[in-house]
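Order of writing sets the labels: A, B, C, D, E and F. Residues in every chain begin at 1.
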Amino acid sequence: MSTELPSIVIDRLVRIALEEDLGGGDVTTEACIDDEARSTAHAVARRAQIACGARVAERVFMLVDAAVEFHPGPNDGVRVDETTTLWSVRGRARSILMAERVALNFVQRMAGVATLTRRYVDAVPAGSKTRITDTRKTTPGLRALERFAVRTGGGKNHRDNLGSAVLIKDNHIAASGGIAEAIARARSRAPHTSKIECEVDTLQGLEVAIGAGADIVMLDNMSNEDISRAVGIAAGRVFLEASGGITLERIPALAQTGVDAISVGALTHSAAAMDIGLDFE
Amino acid sequence: MSTELPSIVIDRLVRIALEEDLGGGDVTTEACIDDEARSTAHAVARRAQIACGARVAERVFMLVDAAVEFHPGPNDGVRVDETTTLWSVRGRARSILMAERVALNFVQRMAGVATLTRRYVDAVPAGSKTRITDTRKTTPGLRALERFAVRTGGGKNHRDNLGSAVLIKDNHIAASGGIAEAIARARSRAPHTSKIECEVDTLQGLEVAIGAGADIVMLDNMSNEDISRAVGIAAGRVFLEASGGITLERIPALAQTGVDAISVGALTHSAAAMDIGLDFE
Amino acid sequence: MSTELPSIVIDRLVRIALEEDLGGGDVTTEACIDDEARSTAHAVARRAQIACGARVAERVFMLVDAAVEFHPGPNDGVRVDETTTLWSVRGRARSILMAERVALNFVQRMAGVATLTRRYVDAVPAGSKTRITDTRKTTPGLRALERFAVRTGGGKNHRDNLGSAVLIKDNHIAASGGIAEAIARARSRAPHTSKIECEVDTLQGLEVAIGAGADIVMLDNMSNEDISRAVGIAAGRVFLEASGGITLERIPALAQTGVDAISVGALTHSAAAMDIGLDFE
Amino acid sequence: MSTELPSIVIDRLVRIALEEDLGGGDVTTEACIDDEARSTAHAVARRAQIACGARVAERVFMLVDAAVEFHPGPNDGVRVDETTTLWSVRGRARSILMAERVALNFVQRMAGVATLTRRYVDAVPAGSKTRITDTRKTTPGLRALERFAVRTGGGKNHRDNLGSAVLIKDNHIAASGGIAEAIARARSRAPHTSKIECEVDTLQGLEVAIGAGADIVMLDNMSNEDISRAVGIAAGRVFLEASGGITLERIPALAQTGVDAISVGALTHSAAAMDIGLDFE
Amino acid sequence: MSTELPSIVIDRLVRIALEEDLGGGDVTTEACIDDEARSTAHAVARRAQIACGARVAERVFMLVDAAVEFHPGPNDGVRVDETTTLWSVRGRARSILMAERVALNFVQRMAGVATLTRRYVDAVPAGSKTRITDTRKTTPGLRALERFAVRTGGGKNHRDNLGSAVLIKDNHIAASGGIAEAIARARSRAPHTSKIECEVDTLQGLEVAIGAGADIVMLDNMSNEDISRAVGIAAGRVFLEASGGITLERIPALAQTGVDAISVGALTHSAAAMDIGLDFE
Amino acid sequence: MSTELPSIVIDRLVRIALEEDLGGGDVTTEACIDDEARSTAHAVARRAQIACGARVAERVFMLVDAAVEFHPGPNDGVRVDETTTLWSVRGRARSILMAERVALNFVQRMAGVATLTRRYVDAVPAGSKTRITDTRKTTPGLRALERFAVRTGGGKNHRDNLGSAVLIKDNHIAASGGIAEAIARARSRAPHTSKIECEVDTLQGLEVAIGAGADIVMLDNMSNEDISRAVGIAAGRVFLEASGGITLERIPALAQTGVDAISVGALTHSAAAMDIGLDFE
């Protein structure tokens, strides 16, 4: 099933980006391009990648000039080769040139996140049920787009923000007087719709958390061996998430421990932009 | 001299990021942390890096709780070792926990850009006057912060946006009927305060651009040898910028050609977040 | 433990409300009140109520005039008699008069929601663990304030928005091909941090939902008898939420069924404003 | 003649409400509903009510997905029975489900205000010229919508905000040195387009206010008897508005005094949401 | 009594103006001014003028740097000679230079409007009760500031916007079927707090409007003679406003007709900026 | 070639202006105009002028009612006689009346700036290459529109904002230790895409600035004779801009000195609105 990105989110971000780049006009295009000139241009992948973000690009062109025609290409999530045309635009040349950089800045970042996510997802051995997830380490202002890109790449999302699920970290534990006390507080005060996740860094902590009724336990910076032991201890009573010190190389072995999820900050905080060009006919 | 980041820019972005993460409250902190609990926490570099963005972190904490005390550490631009305390906060524990992730998301990205920039700058041989610059390939919405981080890292900025300087690319040239015609159009129509830069991909193009009065010529995707020839041809009559296909490894040789500037999209579109933690006392 | 309302949320709403009422100035106050006149005024409960929203009132006065002194009274959540002073302000008379109506509009609504919530909470028999929760039927734009007021009144929140937890309703079930299929889809695609709630209107549906691994089952528009049977069927395997056709009168009997939560749209969509006056000395 | 609600007002509020509910996506719909599924749904009155707000609902659906078809039903202001279809939508199922709650939150509130207003208006005896009006006790951020709903219900609006008309209250009187002085100040300083209303709580005050040239006198918290005397005293020289302590039960007797207007805060601050459901075919 | 300008209005406009000028930083100041340099600067009138807008200037400096000290000078509305210091600032030199132009752009415009208004007001003969008012022909986005400036200059405001008072123009009359019909419609539908003004261009129209109960009649583009006759006809039964074709030269004669108000679009749509410089010590 | 105004800029300003005027509805139009009435209206020049801003007017009507048909007339920049129809609208009468004033306020100001600019441009003798430019003395919030109007009038723009080009003024010189030092600082720190302009008030300053490598020298408040000498000194080595004390009368003589540009603050800070009416059929 396809991923979904509400236009109310897209448009708000596109407006900010366009004001940033185009708020003072485009001195080059106004000088060099005739008002009535028309162009066709194709967004082309310069490297193999996961297609992502065409609808955002479309909105960039639409908000610059509603008369530009936008022709989508491969669906989000499709793996494309270099030289694949991702989408095309046709219309007033000035409009296309004024929107080009902003459109590319969005899709290059989104495709970068989606493609990196797919690499992590593909590193999970076939048959494993371990999911790769993002974190809240997203680019300020772009969380919705980056979470969409993670899903597009085959990953899953972690909680959306501080209000949607409980994640008890060391400071919460210390302030509450222990793991069990923190979980009890959360259970009694948080929405019943919020899962309760608790971070632990020892196997003893895991047992306490399970006993206190955590829904999810985050195994923080543990070795593959300890994570394997944790899976045995949990025995399906709780959802286990490995976090901290994750590298692409560790994914196969980590997944083989049977851990339920591996959360990877790098998906969003360290994805490089994917190379995409806009070629004019 | 220090770099400058107007607070009017910071606050707008910080508000967006806080609404994104904290707009629905923080169910964990409200449940687990007493209203009156107070904490002290220190942002600590987990890797050697260029300090960058403390003022942005400060504004995040201030906008969550104006009573939090913020203690800055090393100035922006200082190279710090891992374990260096970058800045500290003291105040209501709830406020610090609610602001933590957003503050870190900002400074990790800014330090990432500054540190990567410094690597490029340091690759320029001593005595060379070649400058390393960014491009418009910035994260949508964060251009001002990323340009600040580039300067903090010792780089220089390219034009701010489409309205501030002329940059004639292949489509502008084609639409105008040639390099000389495009430059002539720009000269007659653009603000006299806007430099005119023209992209060329051949040495013949360079000569035409110089003859037509370009202020800057961008040498697009040229080999080191051609760039070296371009420097000889220009003979100081025009500012030369190398662009396209730039890697860190090429920088020393590129700088030795005598080219005036090397513009590097990777500074902003591919900088990984720098590892920084917030340690509570 | 006290409830928490991030100032980033408050200020955004207060600005909208002040622009609405004061964006065109205050023709009466400018005409009748001397620039230098000073006043003290007290917000007084005209009926017994649950105190709620003083911090929002404070921000209204601060955003009109940062020099107004604000003196808080009873904490949020405290039951006060009529004639109790809820908070006081002292400062420029013009500022207080210009901010008065907006401040009262906020706290009257917030106290209304908190007080109505408390009535429902108090209707739950002593010793019962049934929680009273809100719904997403909140006033457009005021969700964060109203959820805060519900917590202040002793209620608990339901999910914050469409992105924070899964709630499978009849249309989702129909589109997925059945309860089990819908839950399976959600399980495989939604964040692992999102609880999965499924609405059912029959006891058979309940059994299917439990079998499919729902975390929460919403019993929609069921009689007390059926809810009682549902509690027996669930036997602690799933969290049960009664919803639809809830009245204050039904709460005691409903709670005695042992249902885990009762969600009440009326808490936010039908709370009348609480009478509060601002008395000038 | 029909009431009018500028789209510039609607869209701003709809965007805020959609960001609040849908800014983090819709995890349920994305998981359970196929991208290409289409639906038709009907907004149906669950109780007799005054139709109000279809245009706002339309904008909610349009801003989520411009391809959704919206079919309006009865005009605003029409009294409908329970089971009446108020409006229908047809289009992408995901879009309809994502917009549903926000659309209903708006129209339930608007219909609630309109229907309550109609009850007050209908309580005015036939032939009476007394008008029922709202006050500035509106929901923060929703004033324009609520004032529209009041008009739709057959009521009239009071002043829009602090800048549009003069309303002299006790504090203005005290600060000015008396009723006559306050009115004189307002007359000399306020726009000539602003009516001058003065609040009085005695019949003597009324006489002073008339003598000083008030356009409107607000009779604050007076008994029906005193209001009747006030009507006699005024003898058409001034517009009289009864305010404070108004209940639906008092309306017939109050209207029979001949007072020109009765302003009722409850129309907006205490209207319960009207029950409206969205039924999918 | 002093005029009042709510800070909620000022700050919103100041933020827009600062983002416009300073959103891309200040390349000159960052390059040339030391971070720690401090300055004192004085805003000095270069021509005799009416002081206006110091509080707006103050907010510009505060929003750039809250540590800048702002020292106000003559009150708004005071007539000052050229060379008068209007206000002074002291603080970080970079901050003052970055804020300078925006602050001056605001106060030059505001002083321009105030000073032009005073010229019109001063042209009204001593003893005349005729007021000079503005219109809705204000600069988009700056209405509140310009209305404030008009009051500061001794003028009075017309209606704030389309929602605050009724102004029936020729198209409304034509659509309603005549002056009397249009006034009747407005009387029955508009808020009772809204005065009803009707534009007429003949003396017959005036009589109809008075008969129909208009509160204000706008005499559109009439000669002084006709206006004089209108004053005789009205005989105090209605407020008369002359409008259209107003020049400064006509004011004395117009005022001598006894007309109640003269509305002058030029106050806001054609006021030249007043010359004010910022002199650094 | 035609001037260009990105819609992203237009729409943001139009929304602000419409909220300002129409946020509270239009009490007159709602009362007097039937919902279904339709009108055609023509914007007519009341004085000879330079057409400017039709696209902004179009957006005003579209944002009030997307169904209004807008028929453009003469292109921006065309000189029109009084009585020329500038553009026409056809559609719902209520919509046209609600949008009328805001649309006119925009185009009257834009045409005012364009027409004043044309007068300055026409004062430059035939054959002269001197350009007339604006400054940063624009109306807060309207810079993009006013710069567009200047170009429409035949003028050229100066730098867009503080971030786009270097302009060294007396305070920068003083803080840097002299003209040469300030230019050297700017050369080493500012973007290579930013021209460096330096203000001087003596011919000696000019020689220093040229020697230090300024791109542009602003001759501040110099006599025609000194400017003529400056042209001789510069001998084409630097772009010369005359500024300060510019009047329309001085333009011919100033241009004859051969100065490259004359920057005129009055184009934007003192242009009177151009008279344009909206005539209904």
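Note that a contact is a pair of C-beta atoms (placed from the backbone, for glycine too) under 8 Å apart; a residue touches a chain by one contact, two chains touch by 3 or more.
Everything numeric here is computed off the predicted structure, so don't read it as measured data.
The interface in A-F, A-C or D-E that matches B-E, meaning over half of the contact pairs are the same by residue number, belongs to A-F. Interface comparison, A-D versus D-E: the pair with the greater number of contacting C-beta pairs is D-E. In terms of the distance between Cα centroids, subunit C is separated most widely from F.
The pairing of subunit A with subunit F is characterised as different-residue: of all residue numbers used at this interface, under half are used by both copies. Per-chain Cα centroids separate subunit A from subunit B by 22 Å. With centres set at the average Cα position, the gap from subunit B to subunit C is 43 Å. Residues of subunit F in contact with two or more other chains: 1, 20, 22-26, 29-31, 34, 98, 160-161, 163-165, 167, 185, 189-191, 194. In the complex of the two chains, the subunit C residues touching subunit A come out as 1, 131, 133, 156-161, 163-165, 167, 185, 189-195, 197, 215-216, 239, 241, 260-261. Residues 15, 18-19, 22-26, 29-31, 34-35, 63-65, 94, 98 of subunit D are the ones touching subunit A in the complex. Against subunit C, the residues of subunit D that register as touching in their complex are 13-14, 16-17, 20-34, 37, 39, 93, 97-98, 101-102, 104-106, 108-109, 112, 136-143, 161-176, 182, 185-186, 188-191, 194, 265-266, 269-270, 272-273, 280.
Of all the residues in subunit E, the ones that touch subunit C in their complex are 1-9, 12, 144, 147-148, 160-161, 164.
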